[in-house]
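A short write-up of the structure that comes next.
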Amino acid sequence: MSLLNEVWQAVKAIGTGMATVHKRVYEEAPTEFYPYVELDLPPVSVQSLALVENEDGTERCIVCLQCERACPSQVISIERHRNPEGKGFLIDRFDIDLVNCMYCSACVEACPVSSIVTIQDFELSTYDLHTLKADIDFLHEQARRSKKWYSPKLGVEIRTEDGRIEKAPPEMQPGGLAELLKPAAEEEES
Amino acid sequence: MSSTIGLEPVLGRSDEMIVNMGPQHPATHGVLRVVIGLEGERITRAVPHIGYLHRNHEKIEESRTYFQVVPFTDRMDYVSGTQNELPVVLAVEDLAGIEVPERAKMIRTMFFELFRIASHLVWMGTAMLDLGAITPFLYTFWDREIILGIVERTAGARMLPNYYTFGGVRRDLHPHFFKDVAEFLDHLEKRMPDYEHLVLENPIVHARTVGVGVLSKERAVARGVSGPVLRASGVAYDVRKAFPYDAYPEVEFEIPTSDAGDTYARFWVRFQEIYQSVKILRQLLEKTPKTGPFKGRAPARLKISGERYRAVENSRGELGVYVVGDGGDKPYRIKHRGAAFSNLQVIPDLFIGAKFSDAIAILSSLDPVFGEIDR
Amino acid sequence: MGLLGSDERPRDIILGTLDDLINLARSRSMWPLTFGIACCAIEMMATWDPKVDADRFGMFFRNTPRQADVMIVSGTVNKKLAKRLRRLYDQMAEPKWVISMGACANQGGPFRHGYSVVEGVDKIVPVDVYIPGCPPRPEALLQALLLLRDKISDRELRYKRPQEIATDYDVFAEPGEDGRIPVL
Amino acid sequence: MSLIPIPEDRRFKIKLIGYDPGRSRPWLERFVYSLYVVAFWLFVIATYAGVPALFDWLGWDGGWGYVVMRALQVVMLFLLSAVIALMLILALRKYLGKVQERYGPMHYGPAGGIQTVFDALKLLGKEDFVPAAADWLTFRLAPAVTFVSSFAIFAVVPFASGWTLADSNVGLIYLIAVSTLSAYGVLLGGASSGNKWALIGALRAGAQMVSYEVPLALVFLSVAVWSGSMSLGKIVDAQLGVWNVIPLFIPFVLYVISSLAELKHIPFDFPEAESELIAGYNVEYSGMSFAFFFLAEFVELFLLPALIVVFFFGGWHGPLFGLEPGTLAAGALQSLYFSVKTAVWVWIFLWIRATLPRYRDDQLMEFAWKAMIPLALLGLVLAAYMRLIWR
């Protein structure tokens, strides 16, 4: 009898497994139709790097070389010269080797003026590796193309329809919990 | 020839067939190569060869500053993301005397346990793939996608987020983090019975794993294995309990152990660990303050002298690091202690005498990850 | 890769049309090789998971190189693995394509300063599509696979000369005096 | 300093050609896949009713005309097997997609309907490679042996009353002979490849064949004893009152298990254990040779469930609504019943494939020798005893 019971238990277990699998036929799959439907990535997602210009077209970067020093993968190379008029430096060359970048966003952490930012554009696959050696025009173009970007100092910024740069609403911010909770707490008090 | 290292004495035998399992083999979970001597289906010799993913982690890290070391450690045990960063972070915090706020510790622990679940889910899928069942792989990867989505919303990357830093974590939690994790835990608890039906209760899995690849307690200790492999052999050693770090002293959890030491026991222990991780996460969701500091005060340039060994219990076992600082901003020496590397030592013990199909099941129950083994 | 094995565009209308048809079929049925190397391999597996599901585009893994069309180099290739990678590529049946996934496969990535890492898999095998990222997200791999699809089926892209493979890199050790290949 | 000029737009955009689903469209899927089913059904009708009617109309139904007619039917069946393979590969991939919370092929052709056509065309244009270590003749012959031996089962399968190529009175013996041959193809292919994985796969196929052939023969014997005939047509006829599955329940269960083993199907897919032996016996095959192994596998995936239906589920039997048996309409209806029953069994096989892991190869042998053969003998004795009592 124990043998029969064993066989019955085995058949029952296999049946349960098969029922578990078959259950999914009636459920809608969670697939994203990626190339047909645009992907909605969180604003802090690190997919690529960009160099933001100010609204008036001037450079936000002050060429302090902090990002070059912070980079663990050593892909940033900058050349600069002293500004002949006024103080500070001007950019000669600002290259980021996006091929060898490890997308750790250490440069973004290091940037004191939030000039170098992370963006969500991941569609950078290419037939030709040379297109990924990003010079300053490429990095500016990346910023111009993207609607929103992130840097730890200023949080998530968005580009409005008329080209102005604004801080994103608190629910888009990674550390936005405090600001988000504040109105609710005030309402409770009143 | 280079392909017969360790097998020279048997080359003359005609009744033994020598096959190379790997580096490209679907069941080796990466680039392990095991040179196997077969008599029919029975394994007479097994010599594991590693080094196909040697990336020179330690020497590159010694030429980087402490802040730059952290993203490199991510790439070691790439299945369990942030777990690798913690030993280095803990050791440097000890040496530099950096204070970590309580909330930061709790955030770290939550990410640690999330990645433990993610890693065990990947293990479950691939182990079942090795045993021949395709479907659980897809289910576990979908559940893992949910975890990675939660991680990405806060930390900025899916797999290797470079999230921990000296003194805490890099960013505050996403506003919906607590809600997301609670929803995910509910979802996972609904799915776990399905996984039990498909994996643990399946009679074919029983037939393939019970009594296969038995690792005795003494042999396990002698070989220096750790993690689920050790606990399945009946040794209740867990770094989280033995040398607590971060928020682990404040949460309650058990160490699941089994005395059987076979492949099924290793499967079972990993399942129980998922339940324990869910338990820890539920407690931390209650305890963690919604707002507060997420990062302590750390100097921008760390200059460290002294040496320190710190270990954490990652998904595969004791992941340790030995850091020596010579007063500069770069480590003088970094030595990683990989859990999967030590677990791989038992391959000859378990393989020899087993059937070839058993070897596949045993290897999947060891759950090797080659970023950490070859470094 | 033309039907008749040459890189020249067939001038005949019938052969040209047949060539297009076969290349259309090839581009719509790319079976990658199961060859995971490192971190990117996990994201490569995730490309076939329910969220992204590359099987929608008719791609599924084959374990043996003989039956695979696309090799996805998903991770760091070091000098010990280089020979094996080249052998796998040689074992694949024509026509075959290579996707270089992630920073390490592209040019060595963060590990390129080490002594053991091959700086770019295109020094060993000809690469058709490169994906930046460390690791690239699954959708990026899907985009690369679709770029490869367009490269195979599109005439203009198809008949472009492949980039010349650098050969000055000594990945392959010469056999020694005793005829043995030294272990790298 | 790059040698290649950097293009104006550095982005390479995917060309979104064809058809954007955006979401799943179950009605479209059903429509496209029912087209396949209709094609299959029309092929069956054309083969078994159309071709004889054509030759009858031509008045060319004697002597050499008969030979030509049969040859034409075989060609039609070859085309039919191609349709079946395309259909079942697609069905497998779509069903696996369904149960795995994803979609499966869906972007090429409406709802992925022509995905497998692309696959077949691609394999046609792929290099067909013979390794240096392989035995050329055997290596080339093995896929043909495998395909022909599974295709040969078609000869005796009755799709409707009288709709069969050869309703031989030794049909069962023919089946045993032919199905044994299919393992030979695998064995030859694996052993001639000059590859160790393939060799292990071939040896496993041989060992597996030894263990399932004996219970299979005993099951055939019980069916023959109970039905009183070895002709498949007569076996179906004998099930007019009650299907064989009720009196012959033990042989039925054993037959399903041995069918799974003969099919090299999960949980018994040892010769082609993908995660153990890379691809097993066909590890060195590429291009069309591999396609023939694939084709043979999926033709068998249709034929073995079809034989289950013939032996145990009443074959083509079903309500005829007053149609005269033997007419075209009745034949079409009967073949529809037969196809639907077969489809249910194919679905069960796919379901098993989606769920279960793989046994170890010695466990099947142990199971076969210790459990299946005694049970098969018991089933045979019971069948003979019941035959004595009731018929």
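As written, the chains take the letters A, B, C and D, and residue 1 is the first residue of each chain.
Note that in this section a contact is a pair of C-beta atoms (placed from the backbone, for glycine too) under 8 Å apart; a residue touches a chain by one contact, two chains touch by 3 or more.
Keep in mind that this is a model prediction, so the values were computed, not measured.
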| item | value |
| --- | --- |
| Pair exhibiting more inter-chain C-beta contacts, C-D or B-D | C-D |
| Distance from the mean Cα position of chain D to that of chain C, given in whole angstrom | 34 |
| Euclidean distance of C-alpha centroids - chain B vs chain D, Å | 43 |
| Chain A and chain D, separation of their C-alpha mean positions in angstrom | 50 |
| Mean-CA-position distance for chain B and chain A (Å) | 26 |
| Touching two or more other chains - residues of chain B | 26, 71-72, 75, 135, 138, 142, 160, 198, 202, 204 |
| Sequence positions of chain C contacting 2 or more other chains | 49-51, 53, 56, 63, 110, 113, 134, 137, 143, 146-147 |
| Chain A residues counted as touching two or more neighbouring chains | 14, 17, 20-21, 29-31, 33, 35, 72, 102-104, 123-128 |
| Category of the chain touch graph - line, ring, star, complete, other | complete |
| Complex interface listing, chain A residues touching chain B | 9-10, 13-14, 16-17, 20-21, 30, 41-42, 44-46, 70-72, 102-106, 109, 118, 150, 152, 170-171, 173-178, 180-181 |
| Touch list for chain B against partner chain A, complex | 64, 67-69, 71-72, 74-75, 135, 142, 152-157, 160, 162, 170-175, 194, 197-198, 201-204, 290-291, 294 |
| For the chain B and chain C complex, residues of the former touching the latter | 1-2, 5, 23-24, 26, 29-31, 51-56, 59-60, 63, 71-72, 75, 78-79, 122, 138, 141-142, 144-145, 158-160, 370-371 |
| Residue ranges of chain D touching chain C (in the complex, touch as defined) | 12, 14-15, 93, 97, 100-108, 112, 115, 117-122, 124-129, 274-275, 278-279, 282-287, 290 |
| Partner chain B, residues of chain D touching it in the complex | 96, 99-102, 196-197, 199-200, 266-267, 269, 273-276, 278, 353-363 |
